[in-house]
Structures are given as C-alpha cells and as structure tokens.
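Letters A, B, C and D mark the chains as written, and numbering starts fresh at 1 in each.
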Amino acid sequence: MGFAREHEFLKELGLGPRNPGCFVAGNWRGSGPTASSVNPANNKIIAEVTEASIQDYEDGMRACNEAAKLWMQIPAPKRGEIVRQIGEALRTKLQHLGRLVSLEMGKILPEGIGEVQEIIDMCDYAVGLSRQLNGSIIPSERPNHMMMEMWNPLGIVGVITAFNFPCAVLGWNACIALVCGNCVVWKGAPTTPLITIAMTEIVAGVLAKNNLPGAIFTAFCGGAEIGQAIAEDTRIPLVSFTGSTKVGLMVQQTVNARFGKCLLELSGNNAIVVMDDADIQLAARSVLFAAVGTAGQRCTTCRRLLLHESIYQTFLDQLISVYKQVKIGDPLEKGTLLGPLHTRASRENFEKGIRTIKSQAWNILIGGSVIESEGNFVQPTVVEISPNASVVKEELFAPVLYVMKFQTLKEAIEVNNSVPQGLSSSIFTRRPDIIFKWLGPHGSDCGIVNVNIPTNGAEIGGAFGGEKATGGGREAGSDSWKQYMRRSTCTINYGSELPLAQGINFG
Amino acid sequence: MGFAREHEFLKELGLGPRNPGCFVAGNWRGSGPTASSVNPANNKIIAEVTEASIQDYEDGMRACNEAAKLWMQIPAPKRGEIVRQIGEALRTKLQHLGRLVSLEMGKILPEGIGEVQEIIDMCDYAVGLSRQLNGSIIPSERPNHMMMEMWNPLGIVGVITAFNFPCAVLGWNACIALVCGNCVVWKGAPTTPLITIAMTEIVAGVLAKNNLPGAIFTAFCGGAEIGQAIAEDTRIPLVSFTGSTKVGLMVQQTVNARFGKCLLELSGNNAIVVMDDADIQLAARSVLFAAVGTAGQRCTTCRRLLLHESIYQTFLDQLISVYKQVKIGDPLEKGTLLGPLHTRASRENFEKGIRTIKSQAWNILIGGSVIESEGNFVQPTVVEISPNASVVKEELFAPVLYVMKFQTLKEAIEVNNSVPQGLSSSIFTRRPDIIFKWLGPHGSDCGIVNVNIPTNGAEIGGAFGGEKATGGGREAGSDSWKQYMRRSTCTINYGSELPLAQGINFG
Amino acid sequence: MGFAREHEFLKELGLGPRNPGCFVAGNWRGSGPTASSVNPANNKIIAEVTEASIQDYEDGMRACNEAAKLWMQIPAPKRGEIVRQIGEALRTKLQHLGRLVSLEMGKILPEGIGEVQEIIDMCDYAVGLSRQLNGSIIPSERPNHMMMEMWNPLGIVGVITAFNFPCAVLGWNACIALVCGNCVVWKGAPTTPLITIAMTEIVAGVLAKNNLPGAIFTAFCGGAEIGQAIAEDTRIPLVSFTGSTKVGLMVQQTVNARFGKCLLELSGNNAIVVMDDADIQLAARSVLFAAVGTAGQRCTTCRRLLLHESIYQTFLDQLISVYKQVKIGDPLEKGTLLGPLHTRASRENFEKGIRTIKSQAWNILIGGSVIESEGNFVQPTVVEISPNASVVKEELFAPVLYVMKFQTLKEAIEVNNSVPQGLSSSIFTRRPDIIFKWLGPHGSDCGIVNVNIPTNGAEIGGAFGGEKATGGGREAGSDSWKQYMRRSTCTINYGSELPLAQGINFG
Amino acid sequence: MGFAREHEFLKELGLGPRNPGCFVAGNWRGSGPTASSVNPANNKIIAEVTEASIQDYEDGMRACNEAAKLWMQIPAPKRGEIVRQIGEALRTKLQHLGRLVSLEMGKILPEGIGEVQEIIDMCDYAVGLSRQLNGSIIPSERPNHMMMEMWNPLGIVGVITAFNFPCAVLGWNACIALVCGNCVVWKGAPTTPLITIAMTEIVAGVLAKNNLPGAIFTAFCGGAEIGQAIAEDTRIPLVSFTGSTKVGLMVQQTVNARFGKCLLELSGNNAIVVMDDADIQLAARSVLFAAVGTAGQRCTTCRRLLLHESIYQTFLDQLISVYKQVKIGDPLEKGTLLGPLHTRASRENFEKGIRTIKSQAWNILIGGSVIESEGNFVQPTVVEISPNASVVKEELFAPVLYVMKFQTLKEAIEVNNSVPQGLSSSIFTRRPDIIFKWLGPHGSDCGIVNVNIPTNGAEIGGAFGGEKATGGGREAGSDSWKQYMRRSTCTINYGSELPLAQGINFG
C-alpha cells in the first residue's frame, strides 16, 4: 500500500504508510501500540505509526545513557558543528517538512514553514553559542586562590512537546541541549507522530554521517506512559515539558521528588491592551494574527482583548469587519488564514466552551459555531465579556477572543495580571510614559511584554517563557542555555597556605 | 528580672529577658506561644520570646504587601543605599552580634563573628549590585523593533532559615532581595529567636532612620505553622528555604502548587578526596576544619573522607593525632575548637547514629561518645566504613566523619557522586590533569567543587548552593540575584509596519 | 600667618596657608615652584602650594613602582575594602570638601557637594566591583584544553585631571584603578591645588590606617612639565587624561609612541534638540541647568540649542525669561545659580568669544558681557546663530548658548552630529518613533544620548565619555574597568596530546 | 594567454592571468599600476593584477559610504544571514582557496586550508553573534528614568591586512564588522593580490545573490598609497591594521589625528618557557610548530626559547634532532613542513639577520643559511644567545629561534616580559603553582598566555591580540565586537519631573 498522491512528498522525508515510531540506539523500531496520523482538515488517516513500548523506552535510555558519556566529552565547538549540519539538513527539507507540519498539525502552510525556519534559526544561533557557553573567573578574597564558575553538561535532557508546535519546541530545546553537551530524549505529541519521525530522521542522518552514536538523539512516539517514564527516570536530570498547566504540575512534582529539574512551558492566557491613542489599524491586524493564527492554538494566542472605552466601539467594528474576511479552509491552500482545530476532541472542546459562554449569557459578537465538514473547522469567535467571568481565567485552546472594556491604564494592567497564567501580553500605545510603566515593576507580570506587536511571534534571540501558572521556564535565547547545564562554583588553592574566607581563624 | 551577668551584652542588641518575637508593620509584638532561648553549652535559658500567631502573620503580611508597592518603585541604587546603611549598622554591632550567635547557636566565637562579617560583606556587595541589575538590549530581526530583557522586582521574598547559620543565610537572601526591590518576610529558626530579633532590630533601625515603612522587613519567630503559612501564601512569589531535604521537598511542592517559586538550600553530604600526591599537612588541616568546624553542623561539613590507598594509613595517623588535640568546650572561650551540638535532640541524634554505626560493625577510630555535661557536647568522631554502607548516604548532622579507601581517581569520583546530595566536594592534589578532570563533565557533580581547600568556607562572590537533593538553588554572588526578580522579554515596535518573526506572512 | 576667617574650615581638611604639594612615598613634600590658590569669586589668594619638581616626580614614581608590586598581589576584595574605607572617610568630610570645591573651583555649593558625593558613590560602586572583575572560561575546541580570559592589573595608572571637576574625575578613575589592582599617580589641575591636597590627604589617611604604603596613591600639584613626565613615563601603562582636545591629542601621541594606552575625556560641544511635541517647561529647565550650571564649564555643558521652528519663539521667550532670573554671585551663597568663571583667563576667553560672535554679526539675545567685579563673573548668554557658523564648531568654555532653528528630525540630527566633538546630546520629545531613531544607527553620534533630560548630570552606573574629538574613553560604570586591566587569553593543555585549532595537522 | 597547468584551479576562484584588482561599487576595475603575483617557491609570476588608483579608491569609498546608510539599518540577524551565506560559499571553495593561499603566500597546504577554515569558523561564530550584540539596561538612580547602553554600527571599517595571513585576518575583522552593521573597505597585502581578489569574489557573489549593494564590501589591491588614503579618510571611523609596529604606529597617529580609532595587530616576539618538570616530548613538538610553522612568519611564531638549566641540554639535543628531520620544499607538496619565505626581500632580511648574529659571535646550533634555489627557502635556525642581546628584542620575520637558559621562574618571566612586544607566550610545566603564577599579575605580560601548547594556533572563541608594541587590539571572539560599534549611554526620562543625579538641587 502506498500514500495517497497528495502525500507522496512524505517519502522525501523518509516516511511511509507504516512507520516504526522509536529511534533507539540509532535504529528505528517500535513494539508498542499502533497509532494513526490523521489530517485535521478531513480526519482521514495519513499514515500509521508504531509507538514505543516500555521495552523500547528502556533500551533507548540505556543506549542514550552510554552515548551521553561520549557526547559530553566532545568539545562544545565540535558539538556546534553537528548542530550546524542539522541546520543545513533542515534547510534542504524546509518546504517538505513545513508542508508536513501543515498537513498533520493543521496550521496554515506559511506557519508550517515558519515553524521549521525557527529550528533552522535556532541551529544557527546554537552554533555561535557553542563557543560562548562561558563560565566566569571571579576574584577571590584569598591570596593564591582562583575562583571560577564552570558549566558542565547535565547528561541527558528529556523533551516532551505538544501538538501545536510539533517540531519548533523540540528545536528550541534540542539545539541548546546538544551544544551544551547533552543527549536528547524526545517524546513528541501522540497526534503528530509523522513530524516526530521526519524530524528525528534528519538529525539521525547527520549523526550517522559524522560517525556518532544515533543514541545521542533518542526519540519516541507515544503517550502518557512514556511521558511518565521520562518524568520518573533518574537518568534524566532535566525534563523540558510543554503542555497544560495541569499536566505540567504533575510532571514537576514527579521530577522534583527524584531531585530532577523541570523546564516548564505551560498554559497562557494572553491579553492585548489597546489604549485610546493606539494605531487602530496596526492593533486590529495584530489582534487578528494573535487570536486567529494557528486557529487559536498557540500558547501565545491572544485570548483577551482589553479596549479603552474611548475606542471600544470603533475598534470592535473594525475587528469584526476584519474577522468577516478571514478565509477558512484547507491549511495547505494558498490564502487560507484559518485552518482546522487539531483534533475532533479540540472541536468538541470548543463547542463545550461556547455552551458555557452562552449559558452565562455573554454576548457572542461573531462566530461561535463549528463548521460542518469532514474536518475540525470552527468559526473565529469574539465574545463581549466581563473580566470577572470565570471562563476568562481559563485557556480555551481555540480561536475564541474575549473582549473587555477599561477606563484607566491601572485598571487594564490589573485585568491583564488577574489570571493565573503569565505568558504573554501586549499593549498598543504611542506614549512613552505608558510604555515604560507597562514594562516596569507595576506593569504586566508576564514573561513576554510587548508594545505595538501581537502577543505571539517571538524571536529566538530573547528568552521565551512565562511566569506563574505558565511554569517559569525560559527557552531559546538569552541565558536559557544555563538551564541545560550544571553550574559549579570552584575554588583552587594553588598556594601552600590555608587562609579562610571572612577572615575566620580556625585552630 | 534581668539578664545573668554574662548576658548583659544582649541589652546592646535591644534584647531583654522577655521579647516580643514578631516585627509587624514596623512594630514589635507577638501573640503566639512563648518559647525559650537556650544556651547549648549548658541548656540554661537565656531569655524568652513570644512567637508569632497566625494573626500576627496575617497582619504582618498585609503591611508587607502594602510596603512592597512602594519599595519596588524606589530606584535600585537608592535601595542599595539602605542596604549600605544596614551594613554600617552591623559593623558597629559586629562583636555583640557575633557573641550572640556563639551563645545561642553554639558555634565558636570566631565562627560567630565570621558569620556576621559575612552579612556585612553581602551588604557591601549588594550596594554595588544595585547599579548592576542589568537587563539586556537584544538585536531584533525586525526593522524598527527594539527587543529587551528587563528585570523587575517580584514583590515579596519569604526567607526561612535554619539554626546553623541563624543570620548569615538571612543576609545572603535579604541583601540581594532588598536591592532587587523586594520586601522580605523572614522566619528564623525556632531555636535561635534572639538572633532573629537582634538582626531584625538592626534592619528596623535603618528603615526608621530613612522614614521607610518597617514592613519592608517583616520578621517572625515561630515554627512549622508559620513556615506552612509562608509556603501557602500567594502574596509570596519566591520562598527561599534552608533546611533538610525532606522538609524542603514539602515546601517546594506546596509553593509550586500555587505557582510560586522556591530557592532551596537543603542537605549536603560532602566528600574530601585526598590523592596520592596531596600536600598531607594542608589536607589534614582542611579536613579538621571541614569535619569538626561548627561541630559538624554546616551544610558544607565534610562527612566523607576518601583516601588514596597509598596514603591511607599515613593520612589517618596524622588526622587522628590532630583530632586528639581538638579542644572541646564553651564556644565563647578562647581556644575552643569544638562547641556543643545545638540542642539536646541533636545530641540524641548523634547517639542514635553511633548506635547504627556500631550495629553495622563499622570501625570507630576515634570518638563515638557524648560528653557528660550540662551541655550538648559530643566527641569528634572518625569511622572507617565502606562507601556502600547505608549510613554514608545520609546526612548525620554532627561531627562524624566517614573514611573510605580508593584506588583510582575514577573510583573516587564515582563514590563522591554516589550520594543523593550534591552540595560541596573537594580534592587534594597537585596534578593539573586531575584538577581539570575533577572540575569537568566527568568530575564532581556538586555545586561547589574545590581543590586544595575544605568543602566549607565559601566566599560570597561565587554562587552558593548544590545540585540533586541539595535543591538546586544558588545564593550570594554570581547571577543569584536573577532568582529574586522576574524577567520579561519585551519587544517594542516603534514603526508603523507589522513584520513578523521567522519571515511569516499572515493575512 | 593663618587663614582668613572664612577659610578656617580648611584646617579640617589638613590644609594650611602654605602647603607642600606632593605626596611622595607616603610623605608630603614639594621642591618645585610655589603656586597660589585663588578664589575665582574675588581673585584673592586662599593659600599657597609648593608644586612638584622633576626630582619629586622621580622619587614619587620610584616608590609608586615598588608599591605596585605589592598592591597588585593583594586580593581584589581586600583592595575593595580599602576603597570602602576611602568612601567612609569622604563621607565624614563631605561638607568641608564640597565647600572647598566651591571655594577654589568656583561652582555653586550644591554642585561642589554633589561632586564629592559622586566620588563616594564611585567608592561604593567599586567595592561591589572588587568581587566582579570577572574573567571568562570559554569553551575550547580542543579536548583536554581549558580556555580562559583573565584580567590582571596594569601596575600604575596616571590620572591627569582638569579644574572643572577637580576631584570627581579623580574619583571615577582612582576608585576603579585601585580595585583593579593599580597604584594611582595623580596630577590635579594647577589652579585647584588645595583640592588635590585635601583629597589626597583623605586617601593617605586610609592607607596609613591599614599599614599600606602611601605610595599606592601618589599625587603631584604641578603643571605641564609634570604632565609631560607622566605622558613619557614607561612605568605608566595607562594615562587617563581629562582636558582639551588639543592637549589630549598631544598626550595620546606621546603615550602611544612608548606603547602605552590613553583614556581620554576631551572637549564636548553638546546639543539639546527640542521637538515640536516637547514638554516646554521640562525642556527649558533642563537647558538652564545644562547651559548655565557650573558656569558653562562642564564638558557636558549644553552649548547648542536646536529648536523646532514651530516652538522656536515660544521656547526662546520662556528661556530668556528664565535666564533673567538667574542669580549670579558668590557660589558659596545660598540661592546663587551662577558663580564666577574659574580664572581671569577664562573670563578673557569669554570676552574674546563674544567679540568674535559680534564681529560675525550674530544676534545676542541676552547676556554677552562680563560683570565688573573683583571676581571672574560673566553674564549667561544666549546667541541666535546658524549651524554653519565657525564658532559653533568650537567649545567656548563659558555659559554661552547658541540657538538654532530646524524643520525636521533628520536635519536636527545632522546638525547635532556636524561638530568634531561627540560627548553628549539630548532630545526632548514624547514620540517613541523619534526617541528610538535618536538612539539608533542614524541618530546622535555621541557617547551620551539622552531623552527628556539635560546633556549633563550623568549617573555613575553607566559609562561616561564620548566619541570623535572627545577621545573615545569611558569612565565610571559599565565595563569601563576593563581599560584599567590587561586582558590575557589563556589556554591550558592539561592532557598529553597536542591537537591544533582549525583542525590543522602539522608534522 | 592562459594559466600554467598547475594554476588551472584558479579559474574556479574567478581568477585569470590578468585581473582587475579593485571591487568598487559592486564592479571589478583597476586603473592603478600593474602588479605581479609571484610564487615564493620559484619566484615565477602566477598572474597579474591592476592595483587601485586614488580615483578607484575615491569612487569605491563614495559608493561604500552610500551603502553604509542602508546596511546599518538592516536588522543584525539579517546581516548575520548574509555572513552565514558567505561561510557556506567559502565551504564550497575551501580546497581551492586553501591551495591559492599556499601557492601565493608560500605556507604549507594544511596551513593554507586551515586559514580558510578559520574564516568559515568566524562566519559561523558571527551568525550567532548577530543575535547577541547586546546592550544593557542599567538601573537608574532617578525615578521614571530608564538608563541603557546601546551599541550602534560605526559605518565603515577599514581593514589593512598583511601577507602572512592574507585572508584569515580579513575574516576576523570582516565577519564581525559586517554583523555589527558596518561596511568593509579592505586593502590586502600588495604581494597577495590573488587571494584578495578571490576572497572578495566570494563575498561579492553572496551580496549579489541577496540583491544587496556590492559596495558593502569594497576591496583594493594596492600599496602604501591606498593604505595612507584609508588612514586619512574621515569616512572610516575605525581602521584595523595588521603589520609591523613601525608602520602601525604611523597609521595610529594619522588616524588619531582625525579622531578615528585603530585596532592594531603589530609585531610579536614570543617566548616559550620550558620548566624543569615539563613534558619534553610535548614541548619539543610545540616549539617546532611554533618556530618553524609558516616559515617563522606568523605574528605568533615562537622566536625565543627559554630553557630551565636542568633540562637545557637534553631539550636542545631533542630539538636539534627534530629540526634535522624537517622536510623543506614546495609548500603544496604533501609532507613538506617548511615552505619558502614569502619574498626575495624576506630571504635577504634573513641573511642580514644571520650576519648580525654572527658578527656578535652568537652560537648558531643548526641552520643559518639560505638554500640555493629559485625560491626563497632558508634553513630553520636555532641560535644560542643571551637575553640581553640586542637582536633578541627585535622581530626577525623568519624561522630563527633564539635559545636562552634560566634558573628560576621569576627570571624566566622577567626575560619573557623584557621585550617591547607583548603578543604571545607559553610555558611548559605540570605544577599548578607555576601555572597560576604565569597567568597572574606577576606572570607573562602578553595578550596570549598559554600553558603546554605553542605560542601560535589560537582559537577564534577567545580574543586575539597583544599588549605593548603589539598594539593592544583584540580580534575574533570574546567582546572584540565592541570595537566595531559605537557605544552610547542613554537615559530616557519618561516622567514629568527633573530629578538630578548625585541628589543635586539646581534652581
């Protein structure tokens, strides 16, 4: 049996109609349950994948643990060279891989390609970083002593990713983890196994070409059982988890109990504040991208829109008119802005959310329905609501935007900060005093604090992540790499005396 | 009723025979249980303290929360000036406060004074830091965009400290927390309330002199109930906890469940490795300071001694002869090297530990008994043991040193890394290849990795803390301050276009 | 013979009517010419000073060179402690020393005290820095190699300061130079010898108290001959020079010819740009402080005022009315805003400048005359002029402000950048697009680029200095300290192989 | 007319028998004198090149100046993408370009290829750097003020390179200069014009492919006249010059006089110290590579060998025996270790040097003669000499090694530091106390301070450059990029008050 014609391109990514879903000790295998990869635009099966069994996992981890001893001794710039080659390999597959992301996840093609581009950018960035994982030499108060801060690899980093960024989040983590000297154990989302396999195949090719153990990059298709195994595994000092706050907290408690560390990227509930002096045009375009992009399934999706009372109606009118023009349809088709939700369950979740909104009598300005079709399409939806409504505190993972009115900046910031999550936030204004208050101690409490751009669309050079229920992790740029290494404060006495700090005299 | 004559100096620290134990909204009060401060050298009561009730706590937190709004808006260098004044105030009380530490905690006087000196050093350091809490400006890939990483105060930092460093650990945390723009809520150890009060009194004086709300520094004497309240309090985004791994894990789970963060300094189980080429003299002096100092009650106390087989007997002979000369007695007396354990319970714990050791038939080379007296004195003890013995994996908070033999560096490192804790470690050698292996990816897995100095006695310029069961926090120098602030990645669009990252084209 | 009564306070600073002007090897002496310290407010002699002969210089340098060997070996945090004590000593003399600055230099008392406060701030800052003079550990591409960047002291730093900041500039340099492990050789301005002596006396006291060689801080009153000796002295790897561009260039060429380095703070010619949307009130106050403060004798004095045509007249009217209220008089008197120029020669220079302005028929809006008195008082002056006028390109060291009109931001920036100097600049606006353009690649080309504050009044936390004819040096905060140290890139091979970089195979 | 057959590969690099030598405004041209590229191995002409006239220069600079306005506005990560493509283009030409370097410069092929690899490494490094050209946000002491340190492009960087690294030094400078937002004006060495052209051709291809002005990279073949024009050109704020100390000083004075900056990489006179405990084998191999590599024409070539008296004779015996096996011959031939000197003049300079050595009666242990042939071959030479000999203070650019004996480390360091130059230095020892003394304040005064590796062969991650007569510049890694940007300290007041620093009250 072969692929449907429109899926022929998958062969270029090493995929077939049936695929083993585990990359273990440099080989593909899979002895767990069989899962189907489904096209969210029509709920038809694209291909099948054999997921990991616990035996696959154990064998993979054993090989990975061995490989770690080797990999951590390779000089960092040499590791950087491997990551550079991964970037080059991705470049040659950019279109195909982007297309697969769009096909299997459901986001529109420009976003699919953008997601792969982001890993390529991460590779380039990590190559430079491989010569800059700098420790410090710190002046010692003791003569003939040298004090240093050194950074060493952790060994193995576990990466558990979610369906909405099925490969970019792996890229954020793996590029950094690898140059830092760690092996990577990846569990992709259960519903995007083809991306997991295709992405792994590319990394595997580079490792093989360089005669390095494939186990340096170990990957599993699978679900909660494998996730749990990773969380409990004492061979994995760091688990990077992307997903819901609820599951993230459980992972964290499991990992902490065995004295491991977590890097969490959990739920967002991101607001855009539009001040009375805002560039309305710019703000409306931004809200559209932020609320409808990726069908509202980004962690940085704008879910709350705070409008100053003086521009409230003008802005809403403009926004609604923009919403009306959104082209919904096959994400691979040129011109589509809104593809399907990722799964039938997501669609049901949307319906459930809308039912709650209606039951509480909030005003649906546009949208609010699923679109009858083979796929998981829903209407982009805008709801007038109060900031105190219970639904506003939760992340409904769909293109549903809550609109609220405010009078003062102080009030807007209070509403912005009033939810448990703390990922992203944005204000539209042209007044420096407002901008710097928004950025300051009494401003937005999020990890991402924007001005005149949407809540989403972060660059890799900065640290990505959020506070409070979002989990506190930081990925990609800035000093995020430090989380992937262990720090030691070292003091060498090269003299023959034993002076003590704080001038203590002992014995 | 007044003080016994030898306690008269406590008046200089604002202490009396009966003391309210809560500094709430700038006033001293206390409506909880009455506790006694006891001298570990004779188990006599020094003075009494009224601990915090939950009402005290709640009132204190309310005031602190108000004060936080003000304090975070004061420019950092101005906050630095306040911390500078705290340092100056401590300088004038150095002798008295050091004496109190020695009296109430039981450590010898030079260590008591050294502990206070460490806070003074921290103040000086924090003053400079108050002009260096730098964010970054990061090149944006989008024209007319400015990307920045900003650091803002958290608001309130909770600090829970342990009896063994009853004021230095507060200093590590509070000096940094304050310049970072946070108010501090401190719960000192239940058995060192006088130090908590005396230390707070000094800070309070500085705040008052500068017409600042006393609630910026809020302090409670109290036990588990207040600790639990801090762990659960959503007004406290960061809880810095020093104590046992067991309690630390519980605090962490409580704080994480409410989306707060922890900075943990938990148990250590620190080894010194002596290679065949070591300077034996230097190593023996270091082991003595590391194993017997503070009566073995430092988190950085050396508990495990790994000796190369070729120098095993020579070294032990020398160590035993040094141990025999250790003067045990009143910690305030000149010449004493070993004071009492902190409490009668600590002494019982020592006895229990020795019983286990004996029951497993390990060889006690010296010591092994309590000393009959009014106080909590025990003998400094050395035990020959196997690295696989169960007792070796645990932290017995007393001057008990386990000695083991090894043949190769690899073996020594494996033993060093074989315990759950990962705080401090030290090697004695003069070979660069060994030194750098010890510091490298396959070396010690601890947060503190020393060469030719003891495991204890860290300088404030480096980051202090450990990995694994030690909790992963870092205090004092380096970039420890970042834990006391929230980071935001900010992008300002000052143009009129909306270019997207990764070159995405949307709509 | 004693002091006039109003100079009695000078005794508190260790000054008398006759003073030896060299601090050589820890002793005061002076065998060069006798110079008089003159009060600019009345041109009466305050006291006399014996300047340095070349023999004094040579003896001083020999001792300093010896002291350098010791000082550079003292651990940096211990050096920081000495600087901390200098700060404390200055605190106790703040009022007296500030008064002397005002008396001898001629600036108003709040500025005199502010100048001393700035050294105190520098001391506090340098103390923190003494634990943060960090080198780096950089990942090596070769196995068993450790690459590091180390910072070591230079040995001796020569500091040549100018009359306008007779002690703060010493503070910027000496505080950093000292913690970096360098001895300091200071030549103060010939017309402010009492400040040189008083300031040195304070440092000397601290050194003596700590049993350190006085030669660590060596100071000379003197003129060009001593300056030349410093420039030529191969024992001084770094010469920090503050003064005119003309002399600075000569110093630089002399120092470079002997392979030494210079840190130059030369002439400024600083503009304030006022946009059409500016806060006029704020801008006018700022221009007053920037143009009239220190009688126009700051290197950061605003000399050029660029007004948008739409607010040109309004702004000028307001400025002139503010200028009319400026109280001119004795700088020590409360309420005085404008004291005398520093010397009779400065006054003559002002007159010469005004003559040129008049000869070119520019429009003097206010001021333009000297004030007949015993002192060196002149009127604060505003001149309407074209940006192309030759006088606009030069620094007239007096309170003369050139006003120009512009139409576009681009034009304003071009004018701002059209002078040889590049020290400070400021814009007044409330539009983010203008602010960030002003700060960006096509904005101001100065070292200091302000928004809505004057050109002067820098904080110590940032790096102070300017580009182009201003000399390119940076003092005070940021990474300025690196100029006071020598950097070495170190690679240690601790293995037994000899792998080569860039994968080269040799032999 | 075509190439000789062995030069056919040059066509792949875009070279022909006659080549215009200027890349001006994106086009190749040349209206100056004709120069010949000569093979140092046989002094035969390889090809001819038309050098730049002043008119070529002026046209090139005008276009470059225009291009600078555009280039500096392109976001840094986008500039990084261009540099990445340059690296990729170089990768495809690595063998050919390496071969050309070997052919035209005369270094052996592995070194020729290694030199090109170094530029490729620099490109990779610069790509990462393009997202890390970070400024700082510094805490302000004034409320409602934001203090920042920004880095902006300079505009144009002039790069004047020397024959010995005819393209790597361009790479160090251009990769960094370009990502920093600067256009590059390059003058290659007059005797390596083909490399200048081939290298430029590669960069030009990338610029063209990206529709960017070719003038962003402007290149001239030429001599002193063009060098002088660059030094005097006020459009070039930074001139990076590599060459002799004598010429470098002249360039510096010219550039400084017009208020420009220099980055100088001048002469070295580098010593290797061999201690009594050294690994003799490792040290001897290192000395061979350091003294004979590139025929002694690296700036980091080891010219002085300091041997501890106890191993003096043993070491020399071993070294001489190694020297005897050095294969001299065609640098393109496999197995050759020593190629020709670069020019006939270099050969004559060697002869002159040997004559001086002989006239002073120093003992030539091996070598000392030119080799009669068509090429510029000379014998690798070792001379026993006193550290006080005048010739030891100078850089003789040929494979001549001076050997000296010492007794103590102190003495060895004094000799190491006794020359005017301060580039590189190395010690061979296995004692930590010696290692850290060598790296410390009383150790080597060079910019490069190695342990157990040669003086040459630096990695790009560190800063490359030296002190004293070597000029003080730093290229490649670490914070070298800062030299290619202008720094501004910016303060934004976003409030409506005007508080002054240092608490000054004005008016």
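By our rule, a residue touches a chain if its C-beta (ideal position, glycine included) is under 8 Å from a C-beta of that chain, and two chains touch if they have at least 3 such contacts.
By chain, with names taken from UniProt: A, B, C, D = aldehyde dehydrogenase (NAD(+)).
None of these values were measured; they are calculated from a predicted model.
Contacts with chain A and chain B are shared by C, D. The greatest centre-to-centre distance from chain A, using averaged C-alpha positions, is reached by C. Counting C-beta pairs in contact across B-C and across C-D gives the higher total for C-D.
Chain B and chain D have Cα centroids separated by 50 Å.
Chain C has its Cα centroid 43 Å from the Cα centroid of chain B.
A straight line joining the Cα centres of chain C and chain D is 36 Å long.
Residue positions 73, 77, 121, 131-132, 136, 138-142, 145, 148-150, 432-433, 435, 459-461, 477, 492, 494, 496 of chain B each touch two or more of the other chains. Residues 69, 72-73, 110-111, 114-115, 117-118, 121, 136, 138-142, 145, 147-150, 152-153, 181, 249, 252-253, 256-257, 259, 261, 279, 282, 285-286, 288-289, 293, 326, 337, 420, 435, 439-453, 457-464, 467-469, 472, 474, 477-479, 486-494, 496, 498, 500-507 of chain B touch chain A in their complex.
Looking at the complex, you find that chain B touches chain C at residues 77, 80, 84, 121, 124-129, 131-132, 144, 146, 432-433, 435-436, 459-461, 477, 492, 494-496. Partner chain A is touched in their complex by these residues of chain C: 73-78, 130-143, 145, 148-150, 430-433, 435.
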